[in-house]
């Protein structure tokens, strides 16, 4: 970082003002602590100094960085050959790197249980389940452009499908898996019908409401779902009736999840590059022009809801098998929000981006444990910062080319 | 009949509570089309600021009315400041970004602010003093009406009227409407759009904070998570009424509050939220833009 | 380096360091685990037990450990979520613990038990009260130092029928695992007794901004007593609004309410509220000793389930010492057969791991604290 | 010759306002028909009613595809009308901005192709063939409008005139009998207009009928076989370009009340 601009007087004044502003802002909450019962006040002045100092420093750094960037762009613009500065793709994301990178990632995932502890494997299984969920929601939000804030409902449908099928009919994982997917799809269509006419944020709030309704019904209709006490002792997936120790079973489940995630990537990728995928994109881009091109809006919307939900349903079955215990508390709005974050952060419509975002968002809190109670604070801040730094997500979807003849 | 009246008042109280928060949602949505998930946190921060200020003041022995006024003022000022800062940091850089980017930023902000208050103050529930005095004239009707509920009702009606007038008749209000309609055009006719958007956030947050004080004083306790749940309900109410419309937000809030109260009273509180959300779905099916929202027919 | 690359690199580095840290093993110390809600809104129920266990472990290590071996405590946060609890459990198991104190909430305990069972890790929960846990004795290594919900519900119902002589009872809950389970037991007990009628059975929505509609419903039902299953935030709101609407009906609640926070938050409305809880142990010398230690360390009074966690830690360490090993069978034998001095007096455990000697008593809030009723 | 499209008594009310008042139109196969009239006359409303974007309040729209039975189009949803053989462009360009040029055209093939979920996921040979044909045909269309070199460019990056041409190619991809163009020359420079004129003429050469809304009167007069003139939702004149040009009602509508000669 040569040519780092020196802070000017203006920069310093700006930084100082920012510091002062944050000192004012955080004054009541960070400095004063009262105990109403004891009628005592604690003044924590040290916090004020910290806030002022840190925010001023950060403000200065941000300003300098912005100035540095502006200067660099200016310099590049003045280059004699007039070539506009090519927006250079980061090394990792250049198309020609995708294949070796994918192979490397594959090897990493396959070897993971051999290298890491069961606990790490378990965490990775969870992260991979979110990869599946993220890709499923990506169909609805990223491809078809339908903002769904109640995605967790279908996840719940899948989980309870397995839970209840096991409880009442003693059915196993492998039978529950397709049924969970089908029921998820059915519920997706069920939700899809009433919301066909709704757009954008109205759609968002209705899906949110739908998600809540499903959770509340599971919570209150005890006779059906066992209410908040949930369903326990759901068996882990079996393998030809083999008896497995816990460790083996967790590793087996890990590979199962890897396979599911791979299958999801495969299918979603195929869908994306198909007649249906193009219809979804068209729907996302312009609903009216999409109809004028002879696309049945109703059918294509319902397909998106159904397929997205089917994946959530299957992920739900996996989830039930993994935790062996489910109750409605696992299916709150926050869960939907996190899955949505994965999709948007990954870059709407980008499959590789969604996979990466799911891994980051799911593993981040795990490895942020070192920060102890600051974990969620940092998590929230990271979401904001990542959005500001990369508002279009980590990766933008690759431009599809079909040029067999040329 | 008395039972009906009781439920009616209870529903109106709930509705008024939702309305105080929903107004801010609807203002922000109206002007930049963002579901500001962090808005509930403004309500929570307002309540905490009010608690801190009122406790400090009561330790110094100020009389109750003075405490109420000063606490409300402080809550409004600081929540307004938080609203301003949040917009500057988390939304303004994303104004021209894809539509969902600010939404995620808002969710992140909401998580951040909740944990900020958790760390700065406490994770536990803390008692909130009853700042609204008991009105003597309500004594005979005490079983039906309570003074804090009545105050919330009065304040929310007042605020809605004031806001409607402000937006209809003042210069700033006109600038707000112009910005909401077409930001580029507003900029061209010389409106300082940044300032108007900031002002909207400050006003909305300050309103939520006053709501926070009144509501906390009504239920007597707060913690860092109250904003989220109340925020979701208020947002639902705003959409129900037609998001972007100020009378709509209030109407939607009362419809939601009354539905919940009557559902609890005549059916079961087990399913009050199911009723609330089912009503939302039903209304939107028949009126896709909410009760008072203008159906935006897209020009072909 | 782009941002995404930075993240990837960071993740890889973190993963690597975490892995290295874990493989460095020390065989000497006896590893025991603690798992519970240390973050999120239920953290106030998980932090005091953690402090309690840490105090006991510190004390034992100060005395030179158990048979010369120091005790090492591995701590995991499950945020009271079942899906996280299974991760915590696998992490503890992978970390080589022989016994776990936890989990705090019933749901996560249910989710984690099969994992411990498979690894033959002994579990003592200080606070998971669900009667569905280990109902059929399917987990031979599960114990708890708290009375199960059905015991608590029986005490509540008994009190409402015998002492309050209520003929009409409203049973409410917070729709949660704990609260609803308790309320359902209470309801069936009342109905079976034939002495009273359940005039209202409903769940209230946690976190709602106003409960006056439910309060009016209680009033209309003509209930002579309200039984509430749930935690203190909802209880204090509910009681507050009942009193605001001039409804003086006796309010009987549970362990989740019987704590100082409830009294602090509900203020004057708390006066007269009944709640069940473990038998009063404040005169017990063990209780006094540990509470005093906590006050010295933290400067405040210990919170919920502190005594129960002290009891769990004492019972566990006693069992390890007496058994002379961390073999689960041996430890379980000691726990079943030998009494150990705890804040609740001498206790041992029955065949299903339920505590013998930790009863349930009724308390009433009077002048800002809960005092034993009978 | 049998008319390809017969519109009779088509009426559209918005609340109390009558936007179209008993419109009658006939379009013969292979004909270029222009629809003219001042702004707000109801031309685009007519387009929207014909293509199913609006549901007409009254009247009939009938399509006589050569060699196939007559079809009733009024009351059908837009995608069915497109499938039946009507394709349109929009006055304010409505491309799919974040899709490539080629993909935009390929979307147009949607109603002529059949691959379903199974085909999308497993790609049986039928689907592969269908995809290959689609790509080939769409590339040919791009070649025709001179955008072959930009096939993989995002639609939003194209210059304005190219976007207009792309919209036409996209509509052509749906395999229509009748192409409805809503002000295709709007905002174009003379050079672009000339290219457009050639394109429209060549489309006619394929045997398609074209219904054209256009304000560029020179273009209209040169291209059209038949002209309908509208004002206030009513048909005020029809005929050959020459007839319409001289029609007093048209002159009045365009130039105001008093003027008598143009």
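Lettered A, B, C and D in written order, each chain numbered from 1.
In this text, a residue touches a chain if its C-beta (ideal position, glycine included) is under 8 Å from a C-beta of that chain, and two chains touch if they have at least 3 such contacts.
For clarity, every value in this text was computed on a predicted model and none was experimentally measured.
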item: Chain whose average C-alpha position is farthest from chain D's own; value: C
item: Among all chain pairs, the one with the most C-beta contacts; value: A-B
item: Gap in Å, rounded to a whole number, between the CA centres of chain D and chain A; value: 42
item: Separation of chain B from chain C, taking each centre as the mean of its C-alpha atoms, in whole Å; value: 36
item: Computed distance of Cα centres, chain C from chain A, in Å; value: 33
item: Chain B and chain D, separation of their C-alpha mean positions in angstrom; value: 49
item: Where chain B touches two or more other chains at once, by residue number; value: 126-127, 270, 273, 300
item: Two or more partner chains touched - positions in chain C; value: 175, 203, 264
item: Numbers and ranges of chain A residues touching at least 2 other chains; value: 37, 220, 288, 373, 376
item: Footprint of chain A on chain D - complex, ascending; value: 51-53, 77-79, 82-83, 87-88, 90, 94-100, 102-103, 106-113, 115-117, 119-121, 123, 127, 130-132, 134-136, 139, 151-152, 154, 170-171, 174
item: List of chain B residues in touch with chain C within their complex; value: 3, 6-7, 9-11, 13-14, 17-18, 123-127, 142-143, 146, 149, 215, 218-221, 223, 225-226, 229-230, 233, 260-262, 264-265, 268-270, 272-273
item: In the complex, chain B residues that touch chain A; value: 29, 33, 35, 37, 45, 48-49, 51-53, 55-56, 58-59, 74, 78, 81-82, 85, 89-90, 93-94, 97-105, 107-121, 126-127, 129, 232, 235-236, 239, 243, 270-271, 273-274, 277-278, 280-281, 284-285, 288-290, 298, 300
item: Chain A to chain C touching residues, read off their complex; value: 37, 90-93, 115-120, 122-123, 126, 219-220, 222, 227-230, 232-233, 245-246, 250, 319, 322-327, 329-330, 356, 359-360, 363, 367, 369, 373, 375-376, 386, 389-390, 394-395
item: In the complex with chain D, residue positions of chain A that touch it; value: 267, 270-271, 274-279, 281-282, 285-286, 288-297, 303, 307, 399-405
